[in-house]
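Sending over a structure as structure tokens; questions will come in a sec.
By letter and in written order, the chains are A, B and C; residue numbering begins at 1 in each of them.
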Amino acid sequence: MGIPTRFLFGGVLMRKKRISVVALLFVLPVIAILLAISIFPLIYSFYLSLCQWDIGTGASRTFIGARNYLRLFTDARLWGALRNTGLELLLGVGSQFLLGLALALLLNRPFRGRNLVVTLFLLPMMISPVVVGCIWKIIYHYQYGPLNFLLERLKLNSVNWLGSNQVSIYSIILADIWEWTPFVMITLLAGLQAIPDELYEAARVDGATRLGTFFWVVLPLLRPVMIIAILIRVMDAFKIFDLVALLTMGGPGQSSETIAFYNYLTGFKYFSMGYASSMAYLQLAIIVIIANVFLKSWKGREIS
Amino acid sequence: MKDNLRYIIFVGIFLLLALALSPFIWNLMTSFKDKGEYFTYPPVFIPRSFDVEHYLQGMKLGGTRGIRDSFIIAASTTLLSVALGSLAAYSLARFHIGGENLAFWILSVRMMPPIASILPLFLFFRSLRWLDTYQALILTHLLMNLPFAVWMMKGFFEELPAELEEAALVDGCGRLGAFTRIAMPLVAPGLVATALFCFMFSWNEFLFALILGRSKVVPITVNIAGLIGGHEILWAEISAVSIVASVPIIIIAIVLQRYLVRGLTLGAVKG
Amino acid sequence: MVSLFLLGVASCAQAVKLVVIGDAGHNLKPFEWYAQTFKEKFDVELEVIGVPFGEVYEKEKMELIGQTGAYDIMIVFPKFLAEFAANGWLYPLDEFIAKLDPKMEDVTPGYRDFYCKYGGKVYALPYDGDILNLYYRKDLLENEEEKANFKAKYGYDLKVPETWDEFLNVAEFFTRKKGEKLAGQVLERAFYGTAYYGQKDQIFAWWGNIFSSLGGVYFNEETMEPGINSEAGVKALEIMKTMHQYCPPDVLAYGYEELKDVFLQGDCFMVVQWPCVGKKGADANQSKIVGKIGVAHVPGVKKDGEIYYRPLMPCGRVLAIAAESKDPWKAYQVIQYLSLETSLDDVSTAETGLDPYRYSHFNHPEAYEMFENVEDAKIYLAGVQQNMEKGYPEMVLPGTVEYEETLGVEISRALSGEKTPKQALDDAAKAWTEILNRLGKENQKKMYQELVKGWRAAGLWE
């Protein structure tokens, strides 16, 4: 932590205390606001998850303990949705990370017009997700969409992007990659920008190769930023809703249904608030576990 | 040899950019199309006419007020998130206050699927008589953006070696001074990125905007979704409004990109 | 004198402000068109709030659960009517009807009896009459070459299909690949026999057309055993599976827009669709087949020498009043005005998406401005009326959305080949039983029996 040790013992203690007060003050506003807004929803929804409340029938809330959670485990549709979300995590987030990193590295070297290029790359993120869904709906259309038209021109077969239960989830993942790779790219680029040039210089002086510099200097320094970029994308993969709703409604069958979509259906269309809450808590648990595992295994050594 | 490599990279970037932008260009073209040009064979790449009637119509259908409402909410959320979030992030990165647990708790607030929070938040704001107000949405978006800002900035602060601030402290600068005058400027790219993303998350948020708004506060996302009718989808207006809605963000991005993508910062040429 | 004057001024200045909520877009236009009339006649000022179509249910429901009292007049989709009424969120209109008659006898039985009432009371007035119709290319039907080929292949004259078997024959006949001929011209692209709504929120209605004509029922009213996996149900799904081969490959992703466009762009011979498609078909901007559209009743089953057909009435819109409305009587006056006085104008204009639901709507073809000539309008209206008279209701119960959607998922699975029709429907029936038990079997049974009583009284069920 770099606290100079040349103070007396008492001095160190005093300094530690003062640091703690300052540190606390810095963090207090955030804690206060988050607590204030999130505490009620947290408690209320947890209580709901222990109840059965099908508002539609005019029935009142009845406490049923953990039965909602038990029901989760026998719900085949839920596990189908989780499988789809898992695919998105592996393929979608994975691709976004690799592509984003590649792009960030490419754009790290200055060139004329780089600013413009970076801003242009941001465009997919700037459009409302609803509109992204609308755009891709037309693009993916089997008969009238430009994508199949181009494939046809290239003498390739048209692809049944949205109407095939084999392909539909991948169409959604592709649209998601298009929309969110810019996020990873910009985050990693910002991280790369903050690496002082002296380090590159020092590595070169030490005789490191380009690739070596990348793996042993750049990547470790970039690690905190990479972690957050991936974590955010992982968390948001559980929230993919607009694309599904607009492109396929989760169909055919259930082949492109994500967990967020199914949760939305149970909570908002079927209005089984109790069950929907328990599903939400299951997702929370899964994300917390993934995040924990991820953080622990990537923590590694502190950057000196 | 090096020039060839540079050239290839240029072409590569250009191709990727073209690929990434083509749906966006399609969107732009769609905003000028008329009925009958949306779903037809062969697909219409260049619309019949380029008049701006759909833009005007889209704005008339609530687009202007939607952009205004979204801007107020997004800007407020972004300012609050970046300012307070950076403070907290600094504390977490430098002093490790609360250890792993505090940092994780902050992030976990964002992990909650929105479905679970909607009804309680609706009832919560209802009791405060804050339904259909800006503050309700600003606060709700903070749930999403504050943890994000904290963790983003924490990552950037952790990347920063602490020596510079320590030097400033020795020179008699207070912690706050070290924070504002040394640390923050150095993480400017991260700051800009975080601010941009906070703004975009808030700008593009739909569910809470729909449920917590009503008639006085109607963000642009709800407005655009309203153009998707049951038996009539106004594709051109949707495209038009989305493009107009992205203009403020593009402007902000252009203004801020100077800080996002800095040129040569500390001297030597790279690579 | 002064106080009287002040009182007069005060009452003039204070028009009652009512809030209207409905799906955003052109269906809310009538509220704006007649704003002046409402002010003058009823002293009412309206604030109209549009909500995205896909989210009307959630938004209305949230506000009702939270008892915010935010809305007075609500545009409700009939499938939610039972749920809203059962929860006591709607104002019963019977006493108002006695005072100001909305002439319900002029409304076609489908809407009058199935979509406005709950538990014997009236809770809403009709606003938009959605029903499924059979649209076909009458120019291709009258083509001599096609007629000859058809007769040679199937042994009877080519005509508008009236039964499901005939429907499948015609669909098969008209499914052509690129390079084959259609009406004497070589096709540059594939041409399809038919198409259907594939997305799972409303796919049940397309299956439902077949199911209902085969005599299927949703539940057995005594035992509450689901009737969807009965023989009728399985047969219906098998027919649909055969139909699937004559449809475009991505038909399972089809929503309203795709279904409309595949027909209006001239790429398919016939579709079963809502009334608005007929109106849009007359617009040269959107339709490549103006003047070539025929409208008929949806196919059925031959019974006792007659064709028994029952088109589903998915979606639709009715006007209801919130129980907590600040002035229910004034709100009623507004909706009565819209549902009676101006309804012909509203359903016959191209500026809204509202469809006819009164006999008087069908008797004035000249009012439908979107058709080039009155003849086309007459053909259109005759076809729609045929279907309206035999409309088969959605199951209007609390939980309808869940029932319909779960069924839709299974139907979609069967059609994509994931399961056999029997398997899919058995799973759907299992899911329905689970939903039924979870929502309270006794309660559901009671409500369902109420529904059936109403259906019987209207002559729908035997």
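In this section, contacts are C-beta pairs under 8 Å (C-beta built on N, C-alpha and C of every residue); 3 or more make two chains touch, one makes a residue touch a chain.
Owing to the predicted nature of the structure, the values given are computational and were not obtained by experimental measurement.
Here the two chains linked by the largest count of contacting C-beta pairs are A-B. Placing every chain at the mean of its C-alpha atoms, the farthest one from subunit B is found to be C. Subunit A and subunit B, compared by their mean Cα positions, are separated by 14 Å.
Centroids of subunit A and subunit C (each the mean of its C-alpha atoms) stand 39 Å apart.
For subunit A, the set of residues touching two or more other chains reads 141, 143-144, 268. Taken residue by residue, subunit C touches two or more other chains at 54, 58, 65, 189, 258, 261, 265, 267, whereas all remaining positions touch fewer. Contacts with at least two other chains are made by residues 38-41, 118-119, 123, 225, 228, 233 of subunit B. Note for the complex: subunit B touches subunit C at residues 34-36, 38-41, 62, 118-119, 122-123, 126, 131, 210-211, 214-215, 222, 225-234. Interface residues of subunit B facing subunit A in the complex, by the touch rule stated above, are 9-10, 12-13, 16-17, 20-21, 23-24, 26-27, 30, 38-43, 45, 84-85, 87-88, 90-92, 94-98, 100, 102, 104, 106-121, 123-124, 139-140, 142-143, 146-148, 150-152, 154-156, 158-163, 166, 170, 175-176, 179, 186-187, 189-190, 192-193, 196-197, 200, 203-204, 206-207, 220-221, 224-225, 228, 233, 235, 238-239, 242, 245-246, 249-250, 253-254, 257-258, 260-271. Here subunit C touches subunit A in the complex through residues 54, 57-58, 61, 65, 83, 86-88, 189, 198-201, 248-255, 258, 261-262, 265, 267, 398-399, 401-402, 405, 409-410, 412-413, 415-416, 418, 438-440, 443-444, going by the rule given at the top.
On the subunit A side of its complex with subunit B, the touching residues are 1-2, 4, 19-20, 22-24, 26-27, 29-31, 33-34, 37-38, 40-42, 44-45, 48-49, 103, 106-111, 114-115, 117-131, 134-136, 138-139, 141, 143-146, 149, 178, 181-183, 186-187, 189-191, 193-198, 200-201, 210, 221-222, 224-225, 227-228, 231-232, 235, 238-239, 241-242, 260, 263-264, 267-268, 273, 276-277, 279-281, 283-284, 287-288, 291-292, 295, 303.
If you check the complex, the residues on subunit A that touch subunit C are 52, 54-59, 77, 141-144, 158, 160-165, 168, 245, 247-255, 265, 268-272.
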